[in-house]
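Chain naming follows the written order as A, B, C and D, and within any one chain the residues start at number 1.
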Amino acid sequence: MAIRVFITGGTFDKDYDEIRGELRFHETHLPELLDQGRARLDINFRTLMMVDSLELTDDDRDLIARSCARAEEDLIVVTHGTDTMVDTARVLADRATGKTIVLTGAMIPFAFGSSDGLFNLGSALSFVQVLPHGVYVAMNGRYFNWDNVRKNRDTGVFEEIRPENT
Amino acid sequence: MAIRVFITGGTFDKDYDEIRGELRFHETHLPELLDQGRARLDINFRTLMMVDSLELTDDDRDLIARSCARAEEDLIVVTHGTDTMVDTARVLADRATGKTIVLTGAMIPFAFGSSDGLFNLGSALSFVQVLPHGVYVAMNGRYFNWDNVRKNRDTGVFEEIRPENT
Amino acid sequence: MAIRVFITGGTFDKDYDEIRGELRFHETHLPELLDQGRARLDINFRTLMMVDSLELTDDDRDLIARSCARAEEDLIVVTHGTDTMVDTARVLADRATGKTIVLTGAMIPFAFGSSDGLFNLGSALSFVQVLPHGVYVAMNGRYFNWDNVRKNRDTGVFEEIRPENT
Amino acid sequence: MAIRVFITGGTFDKDYDEIRGELRFHETHLPELLDQGRARLDINFRTLMMVDSLELTDDDRDLIARSCARAEEDLIVVTHGTDTMVDTARVLADRATGKTIVLTGAMIPFAFGSSDGLFNLGSALSFVQVLPHGVYVAMNGRYFNWDNVRKNRDTGVFEEIRPENT
């Protein structure tokens, strides 16, 4: 079961620039995470962009959607900033049908010791192997259908819009 | 979806005893792992034992099987040493039917910075939510049916006994 | 040998605010660092402020100088942002005589796994115990007299202004 | 000021062998530690042996003493297991005169996230630059003369034999 991972940036991949004293993107930490998790999956990954999800444009989302649609793999994980992850999920639901697509990210950069990124990646890579076709968000150890999830901006936690659907 | 986690020890939970200069068990790191992963799952956990899986007795496995069978929850994750994880899976398959049980562990103690434990826990907690009833091993980002998995002792990697079944 | 530590902020103590997705100050990590280093020193510490050193005002420096002058201890370590550490050292050299004062900081926040903070703290606490009275900067495993040091902003490394003095 | 570092093993450099599930020596972490500390010191290091200090033989100590005596550098740091660090210090005091030699180690392997190794290395490299000729142990943020120090085996803390000398 080949899995494609598309990298788009987000907190997950943020680094600390010690000369400027600020957070910035350098390159993806995905290979380190897969090594640390001792993953033995057939994964191809490609970095589509490296941006804060608040700065993602329609063109960026278009590129993500086209990339998902054109990928040979049916199983796709997209790493993404959490702030607009749900918006991108909606675009993918319209345009990348017939696949299982799981978006995930992190609240804390992987470069920090206490990141949730490794947990979330383990979770997303597992959900994508067993969920039926559709577009999902995997955060907080759970999965959500793309049309029933929002990020609670006060708590940083993902939750259903209509809890009864869980 | 309530999930029960049973702790049995294994590398996952090993600590370093700085006075004696050796590895030993203290108490489970599960709550720290769930915090770090920002898990928002309905989890009850209980420590059944804290042992190296090479030292697990038939009585220990009996306790694990009875605990799984009696648990109110249908979804169960068992943290376990990797060396005999498959042996315990076999016992559970006989005795704890009608549930989804996922065994996981770690190659590197969580107390080490480079542990695979957080990845594996994210993976196991995800698989248990979506796999049909049965007993599984979740390691290396994959899941295996209890009757088609072995640990390769040379590489430390879990693999199918009959690869065609994947 | 009692040592006073004054905390002023700087990269050393920056945390990641996962709700806002940015670096900010919360509270000092000094106690964690001393625990991790298993320090058995007679240390009293006080947080004077928690600011980026580029934002330190004359009033702030006045407070640091008065605090050093009034401290009962002769041995003082000041944790400080690296960008203006040398400026504060100059103020202290004028106003806090008869003491050994060592300023230190970090290029990477302690909250990141790869921080230099623990190394620098071990270094500063050691230098302060053995250097003669005066004001020093301890960074990069070295100590510098306050009047012969600058931070190289391109490399992030501290160096002598006049190398022959080393 | 050139500094020579001799590596002899000890907890400091222990790794976790994930195939065997036990602690063992692989190779020294010193370069990683110096990188993380952003050390800009003129350091030459050599690994003399990689052993638990309880297993150090008279021949091993002889090699350490000869290496210190023959080194071109006057400033020497020796990384060493803590259990018999004091015994080696005594041998060096007899045989490597006219130099400043600082022994240090760690209670927790550097490979563990919570190691004291980086703190101790920062401390030892600082003390060695400023202490007069002699043989010292640097642990717990302090330095001890070779003839007035012991490791308290109950607490793991180094302490003076005659406290009044501090």
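Everything below uses one rule, namely that a residue touches a chain if its C-beta (ideal position, glycine included) is under 8 Å from a C-beta of that chain, and two chains touch if they have at least 3 such contacts.
None of the values given here were measured: they were computed from a predicted structure.
Colleague: Would you pick out the chains that touch chain C and also touch chain D?
Modeller: Expected: no chain.
Colleague: Would you mind checking which chain's C-alpha centre is most distant from the centre of chain D?
Modeller: It is A whose centre lies farthest from that of chain D.
Colleague: Distance from the CA centroid of chain A to that of chain D, rounded to the nearest Å?
Modeller: From the centre of chain A to the centre of chain D is 45 Å.
Colleague: Please compute the C-alpha centroid of chain B, do the same for chain D, then give the distance between them in whole Å.
Modeller: About 39 Å, centre to centre.
Colleague: Would you please write down the residue numbers of chain C that are in contact with two or more other chains?
Modeller: 107, 113-114, 156
Colleague: Which pairs of chains touch one another in this structure?
Modeller: Going through each pair of chains, those in contact are A-B, A-C, B-D, C-D.
Colleague: Could you pull out which chain A residues touch chain C in their complex?
Modeller: Per the stated touch rule, the residues are 11, 16, 18-19, 21-23, 52, 83, 107-109, 111-114, 153-156.
Colleague: Which positions of chain A touch chain B when the two form their complex?
Modeller: Listed in rising order, the residues of chain A that touch chain B are 1, 33-34, 36-41, 107, 113-116, 118-127, 129-131, 138-143, 156-159, 166.
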